[in-house]
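Following: one structure in structure tokens, then a few remarks.
Naming follows writing order (A, B, C, D, E, F, G and H), and every chain is counted from residue 1.
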Amino acid sequence: MAKFKGAIVVDTEKCKGCGLCVVSCPTAVIELARGVNGKGYHYAHMANPDACIGCSSCGLVCPDTVITVYRAKAS
Amino acid sequence: MTATTEINNIISEENLVYKKTSVLLDNEMHYCPGCTHGVIHKVIAEVIEEMDIQDKTIGVSPVGCSVLAYNYLDIDWQQAAHGRAPALATATARLMPDKYVFTYQGDGDLASIGCAEIIHACNRGENIVVVFVNNAIYGMTGGQMAPTTLDGQVTATSPYGRDCGSTGAPMKISEMVSLLPGTRFVTRQSAETAGAVRKLKKAIRKGFENTREKKGLSFIEIVGTCSSGWKLSPTQSNEWMKENMFPYYPLGTLKDE
Amino acid sequence: MTEEIIIAGFGGQGVLSMGKILAYSGIMQDQEVSWMPSYGPEMRGGTANVTVILSDDRISSPVLKKFDTAIILNQQSMDKFESDIKPGGTLLYDPNGITRHPERDDINIYKIPGAALAAEMGNPKTFNMIILGGFLNVKPIVKIENVKKGLEKSLPERHHKLIPLNIEAIQKGIDSVETVVAL
Amino acid sequence: MGDVRLMKGNEVIAEAAIRCGCDGYFGYPITPQSEIMETLMIRRPEEETGMVVLQAESEVAAINMVYGGASCGKKVMTSSSSPGISLKAEGITYLAGAELPALIVNIVRGGPGLGTIQPAQSDYFQAVKGGGHGDYKLIVLAPASVQEMNDFVDLGFELSFKYLNPAMILSDGVIGQMMEKVELADYKPRWTDEEIEKISGSWATNGKKAGSERNISTSLDLDSAKQEVFNHKLQAKYRAMEENDVRYEKFECDDAEYLFVAYGSSARICQKSVELAREKGIKVGLLRPITLFPYPTKQIQEMLGQVKGILSVEMSAGQMVEDVRLAVNGKVPVEHFGRYGGIIPTPEEVVEALEEKILGK
Amino acid sequence: MGDVRLMKGNEVIAEAAIRCGCDGYFGYPITPQSEIMETLMIRRPEEETGMVVLQAESEVAAINMVYGGASCGKKVMTSSSSPGISLKAEGITYLAGAELPALIVNIVRGGPGLGTIQPAQSDYFQAVKGGGHGDYKLIVLAPASVQEMNDFVDLGFELSFKYLNPAMILSDGVIGQMMEKVELADYKPRWTDEEIEKISGSWATNGKKAGSERNISTSLDLDSAKQEVFNHKLQAKYRAMEENDVRYEKFECDDAEYLFVAYGSSARICQKSVELAREKGIKVGLLRPITLFPYPTKQIQEMLGQVKGILSVEMSAGQMVEDVRLAVNGKVPVEHFGRYGGIIPTPEEVVEALEEKILGK
Amino acid sequence: MTATTEINNIISEENLVYKKTSVLLDNEMHYCPGCTHGVIHKVIAEVIEEMDIQDKTIGVSPVGCSVLAYNYLDIDWQQAAHGRAPALATATARLMPDKYVFTYQGDGDLASIGCAEIIHACNRGENIVVVFVNNAIYGMTGGQMAPTTLDGQVTATSPYGRDCGSTGAPMKISEMVSLLPGTRFVTRQSAETAGAVRKLKKAIRKGFENTREKKGLSFIEIVGTCSSGWKLSPTQSNEWMKENMFPYYPLGTLKDE
Amino acid sequence: MTEEIIIAGFGGQGVLSMGKILAYSGIMQDQEVSWMPSYGPEMRGGTANVTVILSDDRISSPVLKKFDTAIILNQQSMDKFESDIKPGGTLLYDPNGITRHPERDDINIYKIPGAALAAEMGNPKTFNMIILGGFLNVKPIVKIENVKKGLEKSLPERHHKLIPLNIEAIQKGIDSVETVVAL
Amino acid sequence: MAKFKGAIVVDTEKCKGCGLCVVSCPTAVIELARGVNGKGYHYAHMANPDACIGCSSCGLVCPDTVITVYRAKAS
């Protein structure tokens, strides 16, 4: 089991649904939503939150810098 | 404890490990989904924040998709005529030697119309950082061929694939400028994975540190994607880039003096 | 006869090509035509609109402030163009995504559920042809046979197999118009 | 009727170039005219007619490629939009100074500087008075329809070879981006070497013929006395253009008491304004200069007995109005109405301007 | 009296730049003005005042260096001659479009193209109507003596910063190559960072100050509505220049029945022609526009009650004459006399031209 | 037999071993005494004569002292704007592929203002010959600094000697263009001795032969003198060149494919 | 007083600097001056001439067609400028290398063997000062003391040691003029 | 003794007296004349004609191509 637990917050209104975070996540946390945001994009969201290790990969690769990443020692 | 409450516990100030730097403005970027320009902007902003040089940094934006870079980074900016950013940066750096001056240029801007300006700025060893975004196409004008477009690549002005026999081989700019004594640091990076982004950040930081030490010109090429111009999705674009661009434009540092 | 039309909506709705097919149809019946898009910044996305004029006489300005007909496909365009329809003119719109319906009472207003019908047909690309059909119902300024000829002329050979589907969509549009205000 | 199509103005330029036997196009992308080169690239004329199409490294390179190609006696052209045309200024004056025929297309956008990409007519001065240095003139054609975008390619080359002077098509995004019905010209074959010899043998640098003098394409004469003589020759040529090749069009001028003068897309808008004004009972006509140089000075002067005031309508802050005033020379009031920076005036506001600036007087 | 010297016009430009606290010069050699940069290099101002002097790789690079330097709120300048100025056209319209102050010197030579290196005034249109694209204007100063070559450097910067608009000194090899007595100005120190902050803090891109908005130097606005508003602002600025900063000089105008209008070196020649003509009993005066933009339109108009005819004398095929005609608007005959392509008219032939073209009427 | 009669005997048609080629016109060259341009003109003329391509050769002259080259070689010429000769040659060679097109350019023309044009023409591999006369100075305009001016060299715009720290190192253009795949033959020659002239002629001939075989671009740099600009006599200039230029710009062929 | 002078000869004869010293001398006695060279093509060699004006009043045109005095130092310049001297004006020339002597009879003509005297002085660089002396003999418009001041002002410090030699040459020139025609 | 005897003809009016032929001659045949030609140049001439071996060096290096070279078998 991972030593850290993580979580991300996506600014869904600003997300452009490019999917780069999805492929960058080592633990397959993120998916694009079925629904669209105000701009018509399928925004990213944590589909599998438990798997998040807070590695920041998604945040780093997001071109629109709409992901904030948190990480805590696994309890 | 449900998953949601657990997440809510994690999401708190003290656990914050990655957020948008304040040097990035809140203006929504006009770039297409997945555009590498966004990642590069962010990385530059982070370096400026970390080095605490927001009040001393002047960016010079090109004509290209990043013409509006000034809308996104909260620093002073000059918007240059197509290809001429190195000339603006030359004067700016010489007139204000204590400032951090960088140009941000696309491949059309830097390698085609601005070829003379970049070569001469590199040769003179101006004390600036050049951020060169090579997406192998003219993004802004609708996807025409650039000097860096790959052999056979389809663009609006090479609709049957670039014919290098008649248009020349894709130009390896970093290789070229690394030969000029005026350049101190020449590196080719990318930005498609977290690891690549971290490396890119180190490179850009090194560039600005070189400026501080008045070492001369740092040239940072970033091989990037243009999903609109390439007519692929952002993730497909990354794959195409890895398969086609990286072999021709190998990543790594060419010069570090 | 001169008909001055604005077609306005989102970038991906086929606004420009609808206008183009309409204009080509006009040519097929020997009319003068003009098709004038608004072209945006050197960037992607956003709204699109096109002014199409069909006339028996030489066309003067391709850029207009007042229109005989407005075909409106999103809210932004409704806000922008509703007031530009000539008194007695025509407004045709798809209510999908419209939050503020038209308010004028000096024009003819028609609705057509283009998006819904396209979904029904299982092909979102038929959307603009359905709308075109709707327009031809309320203003039959070009004959269907000329639309067909226009399609033949404007589509590359390899897409000619799609023409029957397009005609079907147009027919569907013709059949699906709902009158809101008829002067 | 020939080959009738619905096409964009920009695309038609490309098509017309191929069909009129153009030998070479050299350009650099810029909105709103990149379709010209893109259409050429799709059409692959190198396989059909042998025409050379090359994306140059810059506008500066492109115009100098044109200089090289024109020097060979070939029909060559380039196209760009405002900032790119500014970069070509040196090359253009060199073409004029070396008396070379060539076609330059400017699909004007709003300026100054990088400006906007929307249509404008604010490069009139640059085109007509000379963006480059020295006393030279371009032949400037202002199409007002997609059909004229087609026709003026051939016409531009014709005039350009007639006078051995570069010609410019001055248009904008309205005409460039709009589609209209256009009747394409029939294909003319490219000139053979023999034809070039006959047409341009006395100056084309395509290889010195045994027994005849070598040809030199140059704009240099260090001897200023000779340079002045050469300049007199240029001026005589410009006077001949004014004598013989002014082109213009009149709408509803027979009974006009007022006159719009407008070119290109503004003229299209003014046509509508004439209709609207006449509905209101204002007897206004439109004189449309087709050649901006040579300018229809005489034709405007001929209207002076009849009209009480003139409104020059341009998508600029007031450029062509100076040529109207120079023609009118104080005989009747001349005013300017313009929207600019990328904004297109509506036919209605043109009528309002007429009422306010001319009738209101 | 200050520091009096016998110096060439070109050298004086360099000297005046150093003394007026210019921060940077960026140029590329071209005859007949290379002495400007050469004098600067010999003077080594980098050691004396800290001024940066750099030989750029081209005129295009030089004008864009000026754009960069001007963006920093610095006093920067460039100089060139006709072909080089044509290459700067894009950069110049960018400066105007970004509202940047800068000084551009054009020591005009005969054109078009490579032409000759002898003096000419055939770049008037380019300077005054706009060599670059878009609706913009330069402040154009036309010195007629070596002393004015000195004075107009400082004045050029002053006006340029007053209006945030590039200024041009339009001169030629007569004034550039001639030596006269000149009283050099006292040294003004270069602006300190604090002074720049005070003068240009609201726009200079010299580092974003904590707590205040970042500054951006740009000529782009993709929104054409905003671009039009911006253009209106530019036009208002140009009208303000016309209101407040027209400069001109009159010679023997009090009783004049005829008038020469001439600028720069032509005005010097015409001064002699006035003397010669008056010896013959012809009452002629001279109005010398010092600012070519804003143009002394009103001042010419004020002479119209008094004079019977005007001769515009220029070393060109007839450029400024259009502005004279626009001012006169048909009230009295206006004719042009010019020698060009590098030939300088003699005072005698100017008098002959007056007799033939104006008195002969 | 007196010396004079003996000489008169030798001076006869059948003993002729060296004379001016008829491709050189009789116009007296405007060059300063000893100027290398004259030698190079002659060599080009001789190659044209020997290859019998006078009717198929088009020269493109630069702006520089050799602007008037068209007065001396009896072939068709185009006079290019400063730095743009490669653009003219590109169009000319593409529009008339059976012709021999060469540019003749100085170091200011080619390396400074015309930097973009030469690099792109080289990169595209235009089927032309480039004759590049490197005399380390702007001759025509009165001896200003060129990109190839040596470190410490005195010129009108480096009156205290070129300061490479602020103006950059002298540019090695041949080295640079030899990296571009479009160039087929890149060589650096000189013209100060009979041997050098003979070698130069071979090189130029090879260039034109490459054109005939449609091989692409041949780049022939000639290190030359400018006695007026250098303020030395012609013979002193040759010495200065050998001592100072040759070590920095070593003669020889860099590429021959 | 206004004196309009043309000095014309070969490039290497010191024509321009003679004019410059004359102009500087004018400044030293508070006159207005102008010095206008003809500047040739971007190339070396050939002829050189300069128009120098000294005046108590503001100087109008620095470019002239007619001169009070012409100082002529080679045949080409004789051919070009002889006719441009005002009637009653003055021509001073060095007969060295002159194949066609002046023919006018409405001007004052003087000869000075400048080249010969310079050779005599063993310093060809004194040539132009000898000629200047000759001019000052026939037109003493500037005082020798002002010429001296002018030399001091115009020569760089390190060349000041040459001033006595220059003054000597001027004196030699003053003493060596031969009158050909005196009206 | 040389196998060949040579001779050169200098077009003295066109010679610019640069002296490059002088230094290029392996047998020191050429000197610059005391006198000058019509353009004022000290033109080149055969000062030591016997030494000429007709090697063409002088002709090759002459920038103004004013030297013609002849060579005959030494008698």
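We take it that a contact is a pair of C-beta atoms (placed from the backbone, for glycine too) under 8 Å apart; a residue touches a chain by one contact, two chains touch by 3 or more.
Predicted model only: the values in this text are computed from it and were never measured.
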_Fewest touching-chain hops separating chain E from chain F_ = 1
*asked:* Quick check for the class: compute each chain's Cα centroid; which one is farthest from the centroid of chain D?
replied: H
*Could you please state the distance in Å, as a whole number, between where the Cα atoms of chain A are centred and where those of chain C are centred?*
41
*asked:* What's the distance between the Cα centroids of chain C and chain D, rounded to whole Å?
replied: 34
*Quick one: report the Å distance separating chain D from chain E, using the average Cα coordinate of each chain.*
29
_chain G: positions in contact with at least two other chains_ = 41-43
*Numbers and ranges of chain D residues touching at least 2 other chains*: 31, 54, 57-58, 60, 83, 90, 94, 98, 113-114, 116-118, 218-220, 222
*Overlap residues in chain F, where contacts from two or more other chains coincide*: 32, 67, 79, 81, 112-113, 115-116, 120, 140-142, 147, 166-167
*In the complex formed with chain E, which residues of chain G make contact?*
20, 23-24, 27, 32-37, 39, 41-42, 59-66, 153-154
_Give the list of chain H residues in touch with chain F in this complex._
5-7, 9, 14, 16-20, 22-24, 41, 46, 49-50, 54-57, 59-72
*Considering the complex alone, what residue numbers of chain D touch chain E?*
60, 82-83, 85-87, 89-90, 93-98, 108, 110-118, 120, 122-123, 125-126, 129-136, 218-225, 227-231, 234-235, 316-319, 322, 325-326, 328-331, 339-343
*Residue ranges of chain B in contact with chain D within the complex*: 63, 67, 79, 81-83, 108, 112-113, 115, 138, 140-142, 144-145, 147, 156-160, 167
_Partner chain B, residues of chain D touching it in the complex_ = 28-31, 34, 37-38, 41-42, 44, 54-55, 57-59, 83, 113-114
